[in-house]
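Structure incoming, see below.
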Amino acid sequence: QGLIFTAATWGALSSQTATAELERESWTKQPGKPFSNYGAPSDYEKKVIRWIMANDDAPGNGVSWTPLHELEGIVTPSGLHFERHHNGVPAIDPERHRLLIHGLVKRPLTFSVSDLLQYPMQSRLCFIECGGNSNAGWRSEPIQTQVGYFHGMASCSEWTGVPLSVVLQEAGIKGRAKWIIAEGGDASMMNISLPLDKALDDCLLALYQNGERLRAENGYPLRLLVPGWEGVLNVKWLRRLHLAAKPVMARNETAKYTELLPSGKARQFSFVMEPKSVITHPSFGHRLDRHGLYQISGLAWSGRGKIAKVEVSADGGKSWAEAELQEPVLPQCFTRFRIPWRWQGQDVVLKSRAFDETGAVQPERSELIAKRGRHGYFHYNAIVSWAITEAGEISHVYL
Amino acid sequence: QGLIFTAATWGALSSQTATAELERESWTKQPGKPFSNYGAPSDYEKKVIRWIMANDDAPGNGVSWTPLHELEGIVTPSGLHFERHHNGVPAIDPERHRLLIHGLVKRPLTFSVSDLLQYPMQSRLCFIECGGNSNAGWRSEPIQTQVGYFHGMASCSEWTGVPLSVVLQEAGIKGRAKWIIAEGGDASMMNISLPLDKALDDCLLALYQNGERLRAENGYPLRLLVPGWEGVLNVKWLRRLHLAAKPVMARNETAKYTELLPSGKARQFSFVMEPKSVITHPSFGHRLDRHGLYQISGLAWSGRGKIAKVEVSADGGKSWAEAELQEPVLPQCFTRFRIPWRWQGQDVVLKSRAFDETGAVQPERSELIAKRGRHGYFHYNAIVSWAITEAGEISHVYL
Amino acid sequence: EELIGPGLGIQASPAMLKQWNRDVFPDGAGLPSGQGSAREGEVVYRAHCIGCHGPEGRGGSAEELAGAEHSLIDDPPDKTIGTYWPYATTLFDFTRRSMPLSNPGSLTDDQVYAVTAYLLYLNRIIGPDDEMNAQLLPAVVMPNQDGFIDNYRRDD
Amino acid sequence: EELIGPGLGIQASPAMLKQWNRDVFPDGAGLPSGQGSAREGEVVYRAHCIGCHGPEGRGGSAEELAGAEHSLIDDPPDKTIGTYWPYATTLFDFTRRSMPLSNPGSLTDDQVYAVTAYLLYLNRIIGPDDEMNAQLLPAVVMPNQDGFIDNYRRDD
């Protein structure tokens, strides 16, 4: 109907102006806005926000989600990177900030931010995903909300920083060191234990996000980047690295970010974010208002490495077709998948499932629950199903 | 000296508090700022801006530069993407915007933005560079300014959009069509001619930039992406594509964006941005305040394809060493190169030169001038030389 | 041939095509009816252009529109409409779509023909009483008509 | 071994190490001197914690700190300090660094020992007159001490 209205408008315009000069839209008839030192999204895109869920008594405690349902490609604009803060966003003066490396090292050292900016750096496109992302999937009824407010505690940026191995070499690691306790410089001063071998493998002291210096809510002036591992390890506002023989058993590696199993035991040090995928278009909140060709588009990622394959089903999982992966496919990075699909108005259930290069496969929800029970809370990575009615309405279903 | 001062500070702090509770920085003692729907850079990074040079009588006519000297990695944050506007930034209502495809087509068609959002899309990381970028290099005296205000009419984003070939197929191209005249919907209504074969090869109707919908100053709601070709072809606020047998000979493909040669003839339809590189760290505006190890870091790109190699010289071009290229190396995309370098306080001249996969090489300034003279104005891509004095001061030199 | 897209384009009406297409080609295709002389154009110029481009196309804050003192092979060369622009139709096309910068689209086609004629006159290409219209404009031979080398997919 | 970085780190002073290191390990490493009893802790709790965590650690806007009604294998399970936390030292470590959320770092070590003791008491792990200090805290055996499976680099 919108389209018929459109044609009518042009028809009307044309008869009005048949003999006059060429008609121009209002925005072509006067100079536009001037240049800006730092841009912001269009006024017409004000609905594209990270949605905030915080504690009324503690407004800096909560999360805000990346609106994945509004985005395309793989980069998350920094202004929409998800937030998880324990006690708000500190306004750290970078000239006063220091990183201390101590514990089982030969030389306890401090570094200023301007020191670290002179170190060799590397860049990588990498997702960060909260261990609690998608946890609404554990609920007994399928949550009806847009993709971003279900799976949007995951975002993907180009991070640039100093390999942790470089500064650890300078401090000199003692043989007994097996863990690093990282501490943030916010009001929560969160600490958490990271295995030393991961630290030496691929962790970065990140200084830049998507080209510019870190955003305050993403750890300015310094954050730990722990590629592919749960978000809480990517300590923001990083101020201290404590090399130790054992983990500190912090609140966020015991009381939280552990998965209670049906046996009553809990998985601890469950670091890696397992393969996940979700169809972002079409998805809950969209409506199919015509029959014909659509492009199914979604995101897949795995903390284990590269996505090897994404399969899509339009019949609730009976048959699967391989989607195209947008190049480049990078390890521990969002991977955009797309596949053409023709909808003729039938009831359908769309699903996607991710396979990574290590052979790990995204499980069906029933498989995940069979393995982990219903109360793991963290590390929910099951296949997501979207049911589409004949009227084109889309809902989240468990199948 | 800054470092000695630092150590002294901690010494002082420690004696003050030896017996009290653990001292904490002010920002760890009170809750931080709450969540935000859309983030912005840290208050401590307010100097990182695109610098504006506009016409006083026509504030929407001019440019603003990406501060490449402040950035790392390859992604340009959208808020810092360079701007070139002829008459300001229009505030286009996306619901009223239409794209018209007409001329040598079987079916002249209009598309609304919401139509185009339902088309198959692709994403790619790609630079856009103004044909006039780096033109200060033509001056007889080397300009002394930061890298961004010299070479920063180039930026790199992840663009997502509909392949132009898809909508052209729908309109049905007539055999005589060889060019497409693209027109923007701003107050300048700029038009320019694009060869049809390029349009069918890899051009996109871009709808998203770095994950989110285009920024207004980058063409919201729709821009043409012409990978690797001069910026002016990447028409913003795209409203019309006119298929024709010949170019329209618009002002911006005759009076501008053509390169006058010493013969008095001018190169026209000089589309491809040739290989270029520049060392961003260290560079003009930085100062080396110590001897020892540095990481030289810079950007290279070529409109012809992938960067194959970047070489760096620390002796004014007598000898060259191959820099490391940050993966992934993508066609028509910024490529970050880095190489370690030890400075012992001697006078040096740093240079970088880019080679692309087609065999094209970034020329020395003297070679470029020998070929093109001094008055080409556009397409300056010569090697940039930074001279460093014994005192660590850095200036731009011609060598 | 099966469509690779969903086929959502709407047929454009002839009226829309006429309204939207303002491209003017060197052969005159796209030029509207109407006319204007260089003398009439001077009036337009004084009213709408002189503030930015200066008297007789020189000395304003915006681009110089006439009055080259050097040729294209002098150092520095002098690129103006008279010395550099290859087609007179470009002047009409650009002025109609983009000028006056402070109020684009505000001139009638007659005014655009007139100010185009005036700029051609200032550049000593036509006389002060000459007029421009859809027939005469594409027939103007610009001094630098042959000044351009098509560089597309050449390798220098 | 030659450094791969420029070697700009500054030796940290022992005083700085002492001030900055607030990690408390299960074996008690990192605990400061000082002490506090559960009864003293109740006073601290009423003054600084009750507003968010509620009376006796329940019913506030923030996390429940005591009063589990179910076990870990009930449906739903009840994860509290008493049923879930494996080490008492974590309580000291977390409270000292992060609580009270509205004014973190404002308690003395004695107050942190005391409120830690009070929370252990509320969870029925120690008695109302028991005290905590650097020796006693790591000796507390938490009910769920053996409740965790180290999953690092295991494949389930």
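By written order: A, B, C and D. Residues from 1 in each chain.
The working rule: contacts are C-beta pairs under 8 Å (C-beta built on N, C-alpha and C of every residue); 3 or more make two chains touch, one makes a residue touch a chain.
For clarity, every value in this text was computed on a predicted model and none was experimentally measured.
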Whole-Å gap between the CA centroids of chain B and chain C: 30
Computed distance of Cα centres, chain D from chain C, in Å: 77
Euclidean distance of C-alpha centroids - chain B vs chain D, Å: 51
Junction residues of chain B - those touching two or more other chains: 3, 6, 10, 24, 28-31, 58, 87, 110, 115, 118-120, 187, 189, 294
Overlap residues in chain D, where contacts from two or more other chains coincide: 3, 5-8, 10-12, 16, 20, 22, 101-102, 104
Arrangement of touching chains [line / ring / star / complete / other]: other
Which pairs of chains touch, using the document's own definition: A-B, A-C, A-D, B-C, B-D
Touch list for chain D against partner chain B, complex: 3, 5-8, 10-13, 15-16, 18-20, 22, 96, 101-109
Residues of chain D defined as touching chain A within the complex: 1, 3-12, 16-17, 20-26, 51-52, 60-62, 71-73, 75-77, 79, 81, 84-87, 89-90, 93-94, 97-98, 101-102, 104, 147-152, 156
Residues on chain A engaged by chain B in the complex (per definition of touch): 2-3, 6, 10, 24-25, 27-45, 48-52, 54, 58-60, 62-64, 70-81, 83, 85, 87-94, 96, 98, 110, 112, 114-115, 118-123, 157-160, 185-187, 189, 207-208, 210-218, 220-221, 294-295, 297, 326, 328, 330, 336, 338, 340
Complex interface listing, chain B residues touching chain C: 55-58, 61, 86-87, 100-103, 107-111, 115, 118-120, 162, 165-167, 169-171, 181, 183, 187-191, 195, 239-240, 242, 244, 246, 248-251, 254-255, 258, 260-271, 371, 374-375
Chain D-touching residues of chain B, taken from the complex the two chains share: 3, 6-7, 10-11, 13-15, 17-18, 21-24, 28-31, 290, 292-294
